[in-house]
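Each chain carries a letter (A, B, C and D) given by its place in the written order, and its residues are counted from 1.
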Amino acid sequence: MYTELKREAYEANVSLPRHGLINLTFGNASAVDRARGVFAIKPSGVDYTAMTVEDMVIVDFDGKRVEGTLNPSSDTPTHRRLLMAFEEIGGVVHTHSSHATAFAQAGMPIPIFGTTHADYFNGEIPVTRKMTAEEIGTAYEWETGNVIVERLGNVDPLDFPGVLVNRHAPFTWGKTVAKAVEVAVAVECIAHMAMMSLQLAPKLPQIEPELLAKHFKRKHGPGAYYGQSDTKTKS
Amino acid sequence: MYTELKREAYEANVSLPRHGLINLTFGNASAVDRARGVFAIKPSGVDYTAMTVEDMVIVDFDGKRVEGTLNPSSDTPTHRRLLMAFEEIGGVVHTHSSHATAFAQAGMPIPIFGTTHADYFNGEIPVTRKMTAEEIGTAYEWETGNVIVERLGNVDPLDFPGVLVNRHAPFTWGKTVAKAVEVAVAVECIAHMAMMSLQLAPKLPQIEPELLAKHFKRKHGPGAYYGQSDTKTKS
Amino acid sequence: MYTELKREAYEANVSLPRHGLINLTFGNASAVDRARGVFAIKPSGVDYTAMTVEDMVIVDFDGKRVEGTLNPSSDTPTHRRLLMAFEEIGGVVHTHSSHATAFAQAGMPIPIFGTTHADYFNGEIPVTRKMTAEEIGTAYEWETGNVIVERLGNVDPLDFPGVLVNRHAPFTWGKTVAKAVEVAVAVECIAHMAMMSLQLAPKLPQIEPELLAKHFKRKHGPGAYYGQSDTKTKS
Amino acid sequence: MYTELKREAYEANVSLPRHGLINLTFGNASAVDRARGVFAIKPSGVDYTAMTVEDMVIVDFDGKRVEGTLNPSSDTPTHRRLLMAFEEIGGVVHTHSSHATAFAQAGMPIPIFGTTHADYFNGEIPVTRKMTAEEIGTAYEWETGNVIVERLGNVDPLDFPGVLVNRHAPFTWGKTVAKAVEVAVAVECIAHMAMMSLQLAPKLPQIEPELLAKHFKRKHGPGAYYGQSDTKTKS
């Protein structure tokens, strides 16, 4: 019944190890169908190589499993929280990609040092505050979503399509789950380069505002002129 | 006669270079059959690409070769010591994976900075004390096992499923040898991220106890809720 | 009509991800036909795996699209500027390769520490000044080419076959676009090694002039004795 | 006429990019036939993917090309010098592998921090002195061999089967060229781990002498007990 949605989630999930973002089973992706009020997500702890389209689990916005026999990812409440809060997004991706996770573990946002970063984020990549013992002890995964939403505040989630969860790892999103995967790739690459730029120049200031604006707007918003209008898959 | 056990050990051994944990012949894996009192282990110095299931060597707990024509790994006494000391484990893996070995060479435990680590270890990844000249000069490989056992002390070996041997490299274990391989992958990944977090924040404190407890218990013990009950291969 | 030129540009473009220089769509290559006054370049934002020879866009030196239905790369004016300024070159390559980009983001030239570097560049790999708000706000991509040309000044562009654009990433060139790809590979490798040499020896002086001269001239100019005269593809 | 020797050299050469030791054409391997007084070596600047067994060039100890139509590697005099000086070796390998080259560029030996290193070298991996302007200006490649020989002095070349050439990169050797390739892989891996151990512990002392002796002798000399006596390819 949800074949297309499951396929979309499946393709995103299996692309994560292919992009080198996932070791073992450290990550998951979800794709939402807003008209039907459900999303498809990876089953918990299943090997990427053994996983099939049919294994994707369909969950509704109350957190109820609507279709599928496997348990959904233990991170499902985080996905659900984000999909509910950010109505313009079509999917969420969670990885433990190494360089981005190194920043998350250190509780540091990723400073914006160059145009690669500015092509994807309208500023530094934010990091959440630490979660409280109470948040951890109760509905942990749902609260993980909450601290992300709290951190973003009033900015447009498509201007900042990802957040590092303190002590944990990145979550990214986009208009489609495929776009959320692309942002996850970019975040890992940006983190790697930022770390090396910091090693070369420990006091490096962030990018100049006019260059940030130029690059971000080349790809986003009404004046965007990157890519094709509708002919081929754009990045 | 020991075909299944040999196959299990063989699969674990050949997966090590596939996971990028092994260069040349730097590593080995063993799988135990407790009922029959033997374990299967990689032959010494044989190339991973040339190795076959039949090349696995069967050794008993006295260190006697029970089946096979090749010499077992020179690290066999270390495996034997660990398999004897930790009765709940089904296999042992030894690698010289780069980032974990960098910590081992420096004689430093791997500090626990994030949830990736907490998913596998209930605290930092321990490092042994240095071995004495006497230990090195006599039954070196057996004594290597002894310093690991000494370092673990009274903790549950499944709460700390691996140890770095000072100046040497990591050994890991698990309920099965496949699980020991998984821990070896995780240890390398954790070591890499810890090193980068330290580079970003040299005085970074370790993870908060409640977050450690939450993540470790999501995956281990009676309250675990990660993965599937029995449907598919869990991680 | 421009099949050979398109094929040359296509081969260069698809070799970039194969060399590990490109993530997603971060990069592009162009090949020029000086007799006909046109160059072939990658279309904007098209996935490398979906791209075909026919997708290459033919552009003339006024920046007009002469053949092809897709939009050319948004970096086309930078390529055009370089192809016009450096008459001895046959192609231009732009990547965001990680280590070279880390230097570019830090606004640092890549110091010349060894013979690998001296095999390709007759000194350090230059970095441009930062672009002004006005340059960024008007014909940004054309001005990007201008700051590269300004930085090179009067040196032979084949003595310095690449420049880092400040806050951005490397551009490289060569007698052919295939050679420009080779330089892009070398720049990334050189950047990686320079960063590590700096980590080992933060005050490391640059290479001795006589060793630089020796290695550069082994491969370039009338006394070159590296490679074959005409038998096989040389590097 | 020299088919077996050419094949041996060819196999070693094409294995270098497969081991990730070579980018572009940065490297070469030679295999010697002492009875016939010749060695086979890679042709200069030929692409690894285009190279065939027949392309290997046969050179004698006077440096004369005995068979083959291509120019031999420009590094041929270095190989010749080493093959003449170290009579117990069967082949030489030269790479610009990244981490080892970073040490060479910095003019630093690779300190011996762990057992991986002690399995291959009986102490730190030496680095040559810088070459003089006169050495560089005359028979540069032959003199490169000379500074390596000078640096080794009276030690057994099989106790120290490789040297870093200052400002340049590693050369390794072994009883066979296949063994020299293995050492080249080990040197790169050892360099990577040493750099990381230094990052974790900048004042880390080198390995304890008894542990060095134990590991080196497990694999080398009359008391060696690593590997198989003659059944299978040993490492």
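Assume contacts are C-beta pairs under 8 Å (C-beta built on N, C-alpha and C of every residue); 3 or more make two chains touch, one makes a residue touch a chain.
Composition by chain, UniProt nomenclature: A, B, C, D = L-ribulose-5-phosphate 4-epimerase.
Keep in mind that this is a model prediction, so the values were computed, not measured.
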Subunit C on subunit D, rotation in degrees - Cα superposition, rounded to nearest 5
90
Relative to subunit A, chain with the most remote C-alpha centre:
D
Residue-number overlap at the subunit B/subunit D interface, same or different (half cut):
different
For subunit A versus subunit C, what separation do you get between their C-alpha means, in angstrom?
32
Once you find the CA centre of subunit B and the CA centre of subunit C, what distance in Å lies between them?
45
In subunit C, what residues contact two or more other chains?
199
Touching pairs of chains in this structure are A-B, A-C, B-D, C-D
Taking the complex as given, what residues does subunit C use to touch subunit A?
23-26, 43-47, 50, 55, 69-71, 74, 96, 98-99, 101-108, 130-131, 133, 136-137, 140, 167-169, 195, 198-199
Subunit C contacts subunit D in the complex at 113-116, 182, 185-186, 189, 192-194, 196-197, 199-201, 204, 207-208, 210-211, 214, 218, 225-229, 231-235
